[in-house]
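In what follows, chain A forms one complex with chain B and a second complex with chain C.
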Partner chain A sequence: MSGLLGRPLKVVNAGVELFAGELERQQAEVARVEWRPPADGAGEALERLATRAAETAAANDRAVVAMQAAEPRVVGIGRAGDLLPGLDERTLLHAGPPIDWDGMCGPLRGAIIGAAVHEGIAADPEEAARLAGRGGLRFGPCHERGAVGPMAGVVSASMPVWVVEDGASGNRAFCTLNEGLGKVLRYGAYDAEVLDRLAWMRDVLARVLTAALERLPEPLDLRALIAQALQMGDEGHNRNRAGTSLLLRALLPALLTVEEPTADVVAAAEFISGNDHFFLNLAMAAGKATADAAAGTAGSSIVTAMARNGTEFGVRLAGTGDRWFTGPAGVVDGLYLPGFGPEDANRDIGDSTITETIGIGGMAMAAAPAIVRFVGGSPEDAVAATLAMYDITWAESSSYQLPTLGFRGTPLGIDAREVVHSGVLPTVNTGIAHKDPGVGQVGAGLVEPPMEAFVAATRALADSPTA
Partner chain B sequence: MTGSRVEVRRGTYHDSVTLMQVSRQAEELPGVEAAAAVAATPVNLELLARQGFAVDPAGLGPSDLVLCVRAADDAAAGQAMEQVEALLAGAGQGGTGGGAGGGPGVAPPRSLRAAARRDPGLNLAVLSVPGRHLGYEIAEALQAGLHVFCFSDGLDPATEAACKRVAAERGLLLMGPDCGTAIIDGVGLGFANAVRRGPVGVVGASGTGIQEVTCLLDAAGVGISHAVGVGGRDLSPEVGGIMTLRALELLAADDATERLVVISKPPDPGVARRVADAAAATGKPAVLAFPGLSDPPPLPPGVRFAGSLEAAAAWAVGSPAAEGAPEPHLPAPSPPEGDGSPAAETVVPVVHSPPAVTPGVIRGLFSGGTLCYEAMAVVAGVVGRVASNIPLRPEWRLADLHRSEGHTFVDFGDDAMTEGRAHPMIDPGLRNERFRREAADPATGVVLLDVVLGYGAHPDPAGELGPLIDRALAERPVGLSVVVSLCGAAGDPQGLDGQAAALREAGALVTRSSAQAARLALAAAGLGAPIAPGGSGGHAGGRR
Partner chain C sequence: MSGLLGRPLKVVNAGVELFAGELERQQAEVARVEWRPPADGAGEALERLATRAAETAAANDRAVVAMQAAEPRVVGIGRAGDLLPGLDERTLLHAGPPIDWDGMCGPLRGAIIGAAVHEGIAADPEEAARLAGRGGLRFGPCHERGAVGPMAGVVSASMPVWVVEDGASGNRAFCTLNEGLGKVLRYGAYDAEVLDRLAWMRDVLARVLTAALERLPEPLDLRALIAQALQMGDEGHNRNRAGTSLLLRALLPALLTVEEPTADVVAAAEFISGNDHFFLNLAMAAGKATADAAAGTAGSSIVTAMARNGTEFGVRLAGTGDRWFTGPAGVVDGLYLPGFGPEDANRDIGDSTITETIGIGGMAMAAAPAIVRFVGGSPEDAVAATLAMYDITWAESSSYQLPTLGFRGTPLGIDAREVVHSGVLPTVNTGIAHKDPGVGQVGAGLVEPPMEAFVAATRALADSPTA
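Moving on, here comes the complex of A and B:
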């Protein structure tokens, strides 16, 4: 007996609770939606988008299929100035949406200063600051050059970058090499120790790794590495211990046979071994190559970039091309290193949210019980955080799986409409930079993206012509 | 020296039923003289003004919340406001969270899509969200493969038509927008009565129309298979009856359905023809009940027309399809007077004449639109002009909703009256207030009210209305009659008999049908009603 609708009646109630209660009184099965009006300013855009829901669904299917198909692989290491379009000696790239010197936060200014000195554009930090202040440097977002950068994300022409290629689409994405924790350029530090390290990375580390990569029988498959790391307690953003170990394991035979000075090889191996986050920049480049596979899908409401410059948080959608939609970068709610507190924190910064954009990082907290204190303390909280993300994503990853959720695929393809409709924001976890240039990392934790960025993006999508 | 507090909270959402409940609880707090928590709609702000709360409407809209309290003194008002805030904070936590697929600590789903993903067994969404957000909810429900029962109103007809086309393509029912009632597989959705199951399939573009017909059938011992609501505009030219046609297909294929009743306020003539043909195509005998329609569509064989709900119900009880089957047990004896609808009066326990005549105008105050329409048509057939906010003729429209003009019928369930507040079947506040005014008006001879029971409705409408009726009649013992059309089924949670008894005890004349209540009202007003039943109501009016 299947009833009028072909199946036994099973109701979901959205709105007045009375109606749900009355159904239960009749012994009907009722689920409830905790309905709230959409985010401020989004209601009218959602109503317009409702009239083309089927088209949006088809576009989102295409966007997500492209992300699922992406096969990010490491094809080498190169000089940023040779690979990134328009990156000349006077141009410095940064994380997040576009911003000028006046708008930049402390850590970003510090990183700009450090990079200018590193490139020899300025003789010292004072000159670098003066030069920047009078318009003597050009700035642009990494994202607009196919690159991503952690924290301040500053990339200058001579820096070595990972070259990651999506085997399916041929897209290339780039990311600098990770400098380690503490006093580093990406947190706005620029003293001699920082600059010396950058020079060594450029002159030694890049050379040794390039030689090792050339000896690999085939390009490093980042999709496979990330998938394994997620099953080993990483989430790919704030925990990269497994990923880094897997990378080192993959490189080890090659490192042992490279024709480089032993001292250099040892130093490179020590550097990677000593930096749990070394893999982060590869995960980010993989994220960029993956997300870019969906970019430009007309009509799609899927998020293809989330990035912060320390002042603003920017969002891009597959269906709205290269436009950025921004809101103020949030204050990170997190755990601080000894001696630091919230008063020291800079606002949210970095392109590392490209990991959340492809459904790992904070979106996959369930994978990383070791760092659950970022999300409230218990593994249950981490699982709950990830489960909530399925409500705002379009699909589940066919590559990345979560053992704690019965090997369910990670939540993939953030649907901006659902973010503004449900009020549920993507879960982002991130490092915390000191607000002053030159100090470095002071903690890590969770941050809320600004809803207005998603509202603006949704409105722009509603304004965009239908396919 | 009383003190009052008014607070405005911008962009704060609570559903209208929650707000009503909080307002009620707040009014019962010790020391509180008046309290309200309402959405800042024009109707609500006007009501607040009448309660003595001045709120500047500039810049306020339905997504803003207004909290008002008046108490013995300023300190008490401040305390009361805190309590109102506490009540509000505690409200809305009634739900037990989402369906399966969650786990400890997992937040309930915030969207239909999320709910449907968590529990793929879900197949019907019940929507009662503010009308300005309906389009997205409906699109999402259909995208998720859910049938939809949409209580809310607010889509323009073109969008409604587009949504219904999408639903039809996917083989889904979109009941609504503006769908008050459905009964699917014996489960009442929205406002619905606990009627017995049986052979009659109902399709209705009118919630109270469905309630009236199913209750009249129930009273006659006849049950229904399903009642599919389609929303008040389904038979408009823009929507073209998409869901009525789909519902007829479903009922045609449904083995439990032996005969069909289709209900709507007067439809577009072209659409009515299409519906008549579709009803014929089911191969099951059918009646089209379009109260207020003067020219029935051409009727193919097997399809009949009824100008009133009462006549349609009577046909469905004594339908030719039922011939040969044992005669249903009919509660009322009186024979029809040959208006073409068999056994018209047989479904209605009849009160033939009022005990006394109280001359004056008739004021009809309704919570059900089609009940109002049906009664109005009967009255207009005798007295001519009846002013209303849902007028039978455009030129009979009330200039001011809140001011009666001669014979006046007001539908309190109409859009303009319900924005930002609960439906009058749940929250009788507006109608109660109007009742007091109309009953006290020396021009009023008869007040005609509907009382609708069933799931979704007020838990004790007679308890609410009885004292008001009692007091009103006490003040004008020889000048006023109160007639109630009681729409309910024996199984309703409020208890049909108890409700009827309480209303009678208060002095009201109680009938089970709206048309009959209208005839009784005419008689009570001394307006020489022909106590002829049925189709007479059908010839009164044009289309709004």
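Moving on, here comes the complex of A and C:
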């Protein structure tokens, strides 16, 4: 039906027309973003880029072809300190662009505190906070070590990480194992329950899963699992019930035969089965391995990373290498757990926007009408959100399809120029952390990244040398 | 949002309006059934029933409330001969209304032959056919023993059956275990591969599953599993990938600890995992237990069974007890496996229409846009098919919801009067068996039941005494 770029589908799909037409007729009722004039100063950058449009198009084709070709597969689980460059005992990685202790939000500080105690660097939370405050810890973005982390995204040396390899490019990506919802480190909680769970994940869960993965006849094909999950009501970011179920199904024969104590295997299986979000971290590692395949494509305006540290949102383009372009992290519009409200919410946080970067998550909400029970809105809003994303993407996924849109490929390859030109920002759905350290999750919802990050990235691309 | 009858949702749902309006505008393109005048002689029956409309409405409310209240749960697996009344070694049950050997179609004959050899009544297929031909076997509908069977639906004494109990009414329903697709007994195949599989299912699979079910802390809640599966792209008849995945997930801890040989447990797990249709037979048993809760409701025009033996389609109403009203089984319009075409197809066959009877399957195709890859058509057709069903149903399910229609309850309680009056027949999706015995599955598609069965049922209801 389509080549690796997947663009022919754009014009042949009747299902999309059906929806789009109706949505336009009812525009007052739906959440489509109106066109806005290009942000201040962006017009000049867009004009300069217009003079090299053919070169950018060729670069974007190359970047998107690399993402389409990616074959992310789980090749194992390892210790972060052994796998991630320069991750020593005193270094803690975090989500989003670089930030120091003074700039960190509450939940990121909470996760840093918890991880420091988990690693034994500090005896208790107070000591951890003091140590961090006087410069006794080193920090760095996950993204700069080939990793991604949900929410606070803190990774410390002893933590187990999924190792995902892109079979096409050979590059590797890493992500921690998902802790579940509620009071968990990634939402900034660090009490005994949180630390006990982290220790059990390191000592038991990782061992059982490693043994199970070793028994599989071939590495788990994440592209195939995500593709199936999108046919089963997941969008791969905040709804992962199908992905988690399919993962367990794929691991089942191996779990039945691993040579590990039965009680440990049962505990591992029940832990995974009890957490519909367990698959998220695999989708994120798949996203990182996929997006990295496009990273460094000179001249390309395609986004290769979007990430938030709870204070700032950062974006990277294929054509601007490892540079971050930032703006203030957004305020999430969402649903709250009982007893919490918007006044408790931290700003947008986490590397999980790597899912949107590869055309799933918020970009693929049309796949997951039931997501609205988690993030708010109506199923029509979810469809409208996906439809709007085709305006700012370069291609349509050849792997990930949307049944309700007549199997149209998901919007793939966010083009920073189009974001700036149209004023349409990528749709992101996300969990909401409490703004104070030590509390945890308080809700989930939708959020817009800051336009200035895309403007800055577009300017930098316009400044970059032509081929 | 709605009481047990679930009807308030009919008027408040914006999602449905969105779709319905668009569909009406594009009517030429979609598969909605046009109104047709009532079938011959039906007008008089409808007129007589109109004089007792209030009585019928009250009876229909009772029938539908009983279906809404049903809580089908898996209480175990047993030997059919021990559980189903009068199922001795020489009696073979089949799908659909009663039929004798001379009237049986090819695939039903094939399944009878295979079951006779499986039971050891005959030494080989030739002897089985001779025995059947000279009256040496007894036949009867599954439905008349509390059971249901997919496709040919043949049940013999030694076969294991799921035992499903409605926690509300206490009534029990039975269904065999699913064999997988292709060359299988229920599609009329009976070669050594088929018979070996049946023996293994009886000797190993049933033992492992029985042991696993015994370890569950509480019986499997099929209503909850089906409800989840409908949020995950299943419709519960011809798409059961989510149901099968959720079943495995629910059984996982039990499978890890059951005291059976590991090789048997692994074989059982791989067999189930290798067959996305495995959950179908549980959905069917849940359907039978649910529909039977409404059976025998005097004066009610609600359908409590639809079943086909490959020659005739039969329907039962709540208000007409155990009587069957029949017409010729339909010709399926569908997709064929490579090498096969419409000329190979048997007519519509199987008890699996019990799923449509409780508002899932073809009635809930809007839940499963990906079903069209199996049965043909487009995702828009699937939505249109479900929308048309609200015209002939009495209520909307309070358990089973359709995310793409704004979580509207599925169309529940087919009203035979409305079928006859509107000319809209229930939408059924189904597998297609080869017309010859011994071959197996050749495709899958959509089929309409015969109107005359509904006309005959409506007439009989009009003839029944008033309260």
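Here is the rule we go by: the second predicted complex is superposed on the first by the 427 of 467 C-alpha atoms of A that agree within 3 Å, B and C clash if a C-alpha of one lies under 4 Å from a C-alpha of the other, contacts with A are read in each partner's own complex, and residues count from 1 in each chain.
The rule is simple: contacts are C-beta pairs under 8 Å (C-beta built on N, C-alpha and C of every residue); 3 or more make two chains touch, one makes a residue touch a chain.
None of these values were measured; they are calculated from a predicted model.
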On the A-aligned overlay, A:G233 touches which partner chain: chain B = first, chain C = second, or both, or neither? second
Which partner chains sit in contact with A:T257 here, chain B, chain C, both or neither? Use first/second/both/neither. second
For A:S273, select first, second, both or neither according to whether it touches chain B, chain C, the two together, or no partner. second
Residue contacts on chain A - larger count, chain B or chain C: B
What is the contact status of A:C105 with respect to chain B (first) and chain C (second): first, second, both, or neither? neither
Look at A:D391 in the shared chain and tell me whether it touches chain B only, chain C only, both, or neither; answer first, second, both or neither. first
With the two complexes superposed on chain A, say which partner A:V265 touches: chain B (first), chain C (second), both, or neither. second
Could you say whether A:A211 touches chain B, chain C, both of them, or neither, answering first, second, both or neither? neither
Does chain B (first) or chain C (second) touch A:P403, or do both, or does neither? second
Contacts of A:E380 with chain B and chain C, given as first, second, both or neither: both
Where on chain A do chain B and chain C both make contact? 14-15, 18, 21-22, 26, 380
Contact set on chain C toward chain A in their complex: 14-15, 18, 21-22, 26, 29, 228, 231-233, 241-242, 245-246, 248-249, 252-253, 255-257, 262, 265-266, 269-270, 273, 369-370, 378-380, 403-407
Using the touch definition from the top, list the residues of chain A that touch chain B in their complex. 3-5, 7-23, 25-26, 28, 31-38, 40, 43-44, 46-47, 49-51, 53-54, 57, 380-381, 383-384, 387-388, 390-391, 417-418, 421-424
Hey, which residues of chain B end up touching chain A in the complex? 11, 13, 15-18, 63, 92, 94-99, 102-119, 121-130, 132-133, 135-140, 142-143, 146-147, 151-152, 159, 162, 166, 173, 184-190, 226, 228, 250-251, 254, 422, 426, 455-456, 493
